[in-house]
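Before I ask anything, here is the structure I am working with.
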Amino acid sequence: MKELLNIKNLYVQYNTDEAVVHAVNGVDLIVHRGEAMGLVGETGAGKTTTALGILNILPEQVGEITEGDIVYDGKNVLNMSKKELQAMRGKQVSMIFQDPMTSLNPIITVGNQIDEMLLLHFKELTKEQRAQKVDDILKLVGIPAERKHEYPFQFSGGMKQRIGIAIALVCQPDLLIADEPTTALDVTIQAQILQLMKQLKRELGTALIMITHDLGIVAELCDNVSVMYAGEIVETGTVEDIYQRIENHPYTTGLFNCIPKLDSNEKRLTPIAGYMVDPTDLPKGCKFHDRCPYVTDRCGRENPKAYQNGTHKIKCFRYESWGEGDSI
Amino acid sequence: ACLTGCGGSNNDSGSSGTASSENGGSKTDDSGSDASGAGSSESSSANADRTLNIGISSEISNIVPMSNNVAVANRDGLIVFALYDPLIWYDTVTNTLSPWIATEWSHNDDGSEWYFTLRDDVYFHNGDKMTAEDVAWSLNLIPENPVVTDANIPGFGHAEVVDDTHITVYMDTPFAAAENFFASYHMVILDKSYQEEVGWDGYLDHPIGTGPYKFADRATGSYVDMEANELYWQGEPDIKKVSLRILPDANSQLLSLETGEVDVLQNVSIENCKRIEDIDGFTVDYETAYAVLYMRWGSNSKLDTDQNLRKAIAAAVDPDAINNVYNRGYTKAVGCMIAPGIHCRPEDGTYTPAQPYDVEAAKEFLANSTYESTDVLSILVVAGSKEEGVCKIIQGNLQDIGINAEMKAIDGSTYSTLTGEGDFDISLYTTLPSLYDCNLIYQYYTPGTVSFENSKFEGKEEMGRLALASLTEMDEEARTDIFRQMINIMNEEALMLPLYQDCNTFCFNGDVTNIDAIPGTNVRIAEWKWN
Amino acid sequence: MSQMGLIWLRFRKNKLAVIGLVGIVIMILICFTSPLYISWDRVVTQDLLITNQPPSVQYPFGTDQFGRDLFARVLRGGVYSLSSGFIVMMGALVLGLIFGSIAGYFGGMVDIVIMRLMDVFMSVPNLLMAMTLIVVFGQGITSLWLALALSSFPALARTVRSAIMTTRSAEYVDAAHIYGASTTKILVKHILPNCIGPVVISATIMLGSTILGIAGMGFLGIGIASPTPEWGTILSEVKDVIRFYPYLGIIPGTAIALSVIFVNFMGDGLRDALDPRMKK
Amino acid sequence: MSKPVIKTKNLTKYFKTPRGLLHAVESVNLTIEEGKTIGVVGESGCGKTTLGRVITRLEEATSGEVYLEGKEILGLKGSAKRNIYHDIQMIFQDPYSSLNPRLSLGDIIADPIETMGERMSKKDLHELVLSLMDTVGLPPRYYNQYPHELDGGRRQRVGLARALALDPKFIVCDEPVSALDVSIQAQILNLLMDLQEEKKLAYMFITHNLFVVKHISHNIMVMYMGQVVELAEKNELFAHPSHPYTKALLAAIPQPDLSSRGKNRELLAGEVSSPIEPKPGCRFSPRCPYASEKCRAGEIPLKEIAPNHYCVCTLFSN
Amino acid sequence: MVKYILKRLLLLIPTFFLLTLMVYTILSLSPANPAFMRLGTTATQEQIDEINHELGLDRPLLVRYGTYMWNLITKGDMGVSWVMQTSVYKEFMERLPNTLLLTALALLLTTVVGIVAGVFAAVNQNSIGDRTTMILAMLLISLPNFFLSLICQIVFCLQLRWLPVTGAGSLKHFILPSIMLAASRIAGQVRLTRSSMLDVIGQDYVRTAYAKGCSKRRVVFYHALRNGLMPVITNIGNNVGNIVAGAVTVETIFAIPGVGSMLVNAVRSNDIPQVMSPIIFISLLVCVVNLVVDLLYAVIDPRVKLQYR
């Protein structure tokens, strides 16, 4: 499979009044054409920030990429001109946002919001052709085409998210970034959306970055998984590599252990000890070391490299025996 | 620019040209038409279509005198004597009466009948000839509006037409200053038939008179436009178009003069007049006015009954300082509340002058008075008036002898109510006797008025009696003596405190000439000329 | 660090806001200490021999048309101007809090009636209000205060109302209900303190507009009575001669402008500091 | 069988809206016993929160009764009403908006005691607060801190400490962990369960997370548009989901393992219909694959289909 | 929509009556007696009584108010000025166009300049342009109106001779007055627009628009502006009242015969019929503008529009 997106050693920080937030700290991420990558991590791990970085739409004046490259289809996003960026966004890479309630413009009909994508990227299409495409995509996401004249507030959360998906997909992008598309939704609706994404992936062959903190979603949908902690990817591999649950980063193990099981009747859960590190004041060494049950002196001093075993890479000294791999 | 309001006037202009010259030949006054004739024809070619803009500071109170119960005010003289003519003309410079619409007039011995001979060549602005009928009708409007006229011509009966050029006015009781009344802006000649045709509302909409200027257009609060009356019996005035523009803000007035938006300003503050004088191309004319600024005491105040306190105040206030410094010497101190030269006013030196400025004496008076150091006297002035500034100085003067005074700057209507009802300590007001008579004095002390009835000062009875006597005393000597007695009482008991005679001013640019400031308010625009 | 501390931190980062705060504090200090070295006599004593003097050593700001020391008048005038602004603001604040919280907390019919009433108050021009109050209660600083407070409190009441309506449904208010707190306690301890942000902002801005409002009334002759040396009054007293003695106007004008600008800078800074959305 | 703490009878809540009556909670009967947890699950907007608020009297019920240890409480007024809060407390979903940002943590926890508890000296109060903080696992150094300085998990602990301050018997937990990360969620769940054991607390645990509800509850109640559709012991419910809606709900859970990978799920079609003036009968019927005329006919009785397993569905009504 | 407008118009009625009654009552509290205004110092008690009777002042307040309103509503009769004895209606109608033009221009200026500058400042947040705009706006409100007007008159009318000092003859006459009138409101409008736009720019849907590939211009004008304008539009309604009130001063300075100066003069002479007409005008204007604002709101915000249908 061809490499579509390659993020190399990305550093992003937010310069706020109070402090500098180190949101992304040296992320490497490769996504191939047609592949679904799951990006998992707790709140504040830097998932959204990474995604925004790919589109180069970090909040102006606040968000700053301090280091690294984002190479999309051979071109560095960070060096693109405004025009190139605008042409890339939506057409080649599009994004579904976390909160369907607020990510649609409340005063523009959903039809027009979908149509805008075509207007921006397929200037040659006639009005009728565009209207046809809008109808098609709405049908695809399961919304009656005649409802395109309605406004976002007239739709339920699930439908809004489907409209978000329709917007993202109408230009048939090569890469779709879905930022927690189901977190705000009910389980039953969430299942519908996941079903839809699966179907799209199958039918359109779109590459996908699925951002979530729900390990269940990843298991169901993705080919590869990257686990993020404090702005770093600490583990990456195929779904199988990770869900085998034999060799995992201690953090990943911790995540798995926190989730109550449906089939066991254990009385207590095993949460990860301690709290997420403060992104304004990152510790030296492995970011996870003060919560890690396997911590050694070395962890506090030195940030582990990525150790690789086939497709499986882990940033933890426990897997030093695997041998150093490409950075992640 | 806005002179198209009256369509009829344009049609008339051709024929009226001849009428004008005819009239000019027959007139008897000294308007100097010969001398100005050449000049006027010359200038009219350059300025024929030019409008003379005059800036005034407030709205005209009543554009048709006698049409209703609203008094024309002093400040309206400018327009009233442009649109209308009185029966007799009062020259405020010489203080003489001269023939006007009435070529001759006289009265019987007891003053109960007045006989007028009228001009035969006077036309209204609509071309109607003025008749004796019009004059008598106009006079007979007086009793219909008692509120305005009672105070100005008490005892008026009615007027009757004798023949085409003669009328007789019958007085129920004689009034000594009736002559002055016939020369005042309270009594001008209106067109009877026109009124009957359009009613008073129509008349107010488009007034018609016999004056040198015809009404053209008006916007309430903004301007009154006038055009020269070609039919005017004294000849058409030199300036053909006049616009009176209401500019309430003093700075805007000055700026408008400087930019040429207005050509003439009336009654600019002395301070600003001095400045205009310094600018090239502008002229200022000053004249001491008959209007006097004086202090009065409220009938419900301590001051009404406490002579010592009144005297203390009178001695504490320094009119000269106000005159010389605040008014830069352009106002004049007076010894009584009536300006010299006014009808029946006793000569200076023949009456007891007002309490002079003397701080020591003031303190002594104060010590003998009922004033307590915690008392705060209220000084009433109309907000935004010149008196506000003067009041501040007086406050300072009173402070010097230990009297606390607070200024109450209030709107005109509250001012009149409070002064009328006597609910104040001190009030400050500038007034011109509207009849150029000592009428101010008797107006204050005529029994029956609310303010007089309310007050309790010592000489009240005597003042009331004298006031009534002054109304009907036809003999000037005797009448002057009555006023002398009244003024003596007033000054001895400090019933009023006259401060100074005001100053009338005109500021104008180099394009106009012949503008004279006069002591009174009956200014004649008709005499002004383009340069 | 407390909430206040954080706000202060954000506030401090805003240069203009700090300038505003420092500026207004300096003005307050200068003006309010002036009675210590400027006697009332110096403020009101007239000397007609030295009218309209330009600035000099003896009269740093010159003298006005009554020969009064403008320096003394402007400094002492600040006491009146600034405290007027403050008093009107407090008055409007009290009224606004009362009406706004009643309308916002109880809602329904009470809300509708109060808000209609506020509409009525809002459409009476403050000038008319001042003029009539002056006529009824007599000219004086209190009438002006009352008029300005009456015509400006509806805006505050609205702010308070909408702030309360959003705060009212916060979960911590429910929590207070759940441990039996009374309505008054909930309003005073839990709701109002959390509405204070937008209210404080409107109030600071009101401070500036009050100072201007009094000056405007002075222009129309319904300002504070002489010889009280309020800035607006000083300015309107000289308005007719201002062109020829510009310093008479420039000095009180600058005082007004500075105080208004400072107060507004401060208000803007507070707004930004209180509203995390604005943060950089 | 232990004694019931809370019992409701036909508890109903309608909201007046401009478009008509909104049936938020319809005739709910439930019993919560001492030391037990009842989990309430259902879609967003199905009336879970409203049910909790009606029981705690934050919202006045339209009809029905609520018994606190056998005493009816909906009719209480004034101080009698307030006194129920010695026994009933609530913790809220949003750890951000449920704490007054202007008060320090110490004040927040002390406030209920000052309002409702017996009078005590400042010092005693301080100590009581510290011990409460200790109970929920907050170190004393937080006493003078403000909510915004804390992360969600710690804030939720403060909310819990506040609820415990009056030593209640019953706590309504309205989605207390939905806003939290999985690891924090686990901490809070552990804490809740420890406290329950220690103090014999009864919980009504509202959530839509089925993993969580399974973990913490003893009994589970499934709601759909204001109606209770199924009520059972948790293992029974997960083993034998009976109502079509419960089945769909359980089927929708994405499992964090590779078991369901690649499989297509059976999905519910359609969206939730409006709860305003709903049609009579089963409200799930428009989306139900088994719906028949009977379902729309009218009231469907609650049926005990297995011991302690109740279901409201025509499939079981005869 | 029509139904909504009707409902709003109906709601106007109580507000209108409340307002007029309030103004009528406070004016009647004034100690000033119109009789003295006309009669002056020579008034006798009979004359005063006569005038009071003629003006109906001897009747109870509510009766007077009722009569006034009845005449106004049934006959459009605004009464006769107590002081001038002229028709109030006539004078009012003469003055109305000037005030309407003045306030309309000022409102337009406030709105247009306020919005343009506010959007500019928001889009370039924290830039030099932003700071300059905000400081300029601040300067405009920092000086009393009459002082600022004087300075502008000197500069633009006397020195540069671009504009006339006073009068109301042509559109040119209204330029400076309307700017002066707008000055005090612009700052508020700029600030509000700025903060509202900043608010919107931070919204998720704006991020969505960027992610779609919109240019900044398109994001600002197509996605952000209309959303950002909503609170701004509400403020227009509030501005009207203030602008009309401010017109009083401006009309005096620039000698524009308008309703504002009519109000001042009338209040000064306690001429209730004269006062009432400007007040009715102001309150109606405020109400109407607020209605228009609400309708505009509906045009912009589909949520509101659908509510009205």
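For clarity, chains are labelled A, B, C, D and E in written order, and residue numbers in each chain start from 1.
Following the convention adopted for this analysis, a residue touches a chain if its C-beta (ideal position, glycine included) is under 8 Å from a C-beta of that chain, and two chains touch if they have at least 3 such contacts.
Because the structure is a prediction, the values reported are computed rather than measured.
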| item | value |
| --- | --- |
| Touching both chain A and chain D (chains) | C |
| Chain D to chain E, fewest steps along touching chains | 2 |
| Farthest chain (mean CA position) relative to chain A | B |
| Comparison of B-E and C-D (more C-beta pairs in contact) | B-E |
| Distance between the centres, which are taken as Cα means, of chain E and chain C, whole angstrom | 22 |
| Approximate Å spacing (C-alpha centroids) for the pair chain A, chain B | 90 |
| Inter-chain centre distance, chain A versus chain E - centres from mean C-alpha coordinates, in Å | 53 |
| Distance from the mean Cα position of chain C to that of chain B, given in whole angstrom | 45 |
| Residue numbers of chain E (touch at least two other chains) | 30-32, 126, 146, 150, 154, 202, 252, 267-268, 270 |
| Two or more partner chains touched - positions in chain A | 61 |
| Shared interface positions of chain C, touching two or more other chains | 6, 131, 135, 220, 239, 242-243, 280 |
| Touch relationships between chains, expressed as pairs | A-C, A-D, A-E, B-C, B-E, C-D, C-E |
| Complex contact set, residues of chain C against chain E | 16, 116-117, 119-120, 122-128, 131-133, 135-136, 155, 205, 208-209, 212, 215-216, 219-220, 232, 235-236, 239, 242-243, 249, 253, 256-258, 260-261, 264-265, 268, 271, 275, 277-278, 280 |
| Contacting residues of chain D [partner chain C, same complex] | 53, 56, 58, 82-83, 85, 88-90, 92-94, 97-102, 104, 111-112, 115-116, 146, 148-149, 159, 162-163, 165-166 |
| Residues of chain A that touch chain C when the two form their complex | 15-18, 61-62 |
| In the complex, chain C residues that touch chain A | 6, 9-10, 13, 279-280 |
| Partner chain B, residues of chain E touching it in the complex | 30-34, 36-45, 47-48, 50-51, 83-87, 90-91, 94-95, 146, 150, 153-154, 157-158, 161, 164-169, 252-258, 261-262, 265, 267-271 |
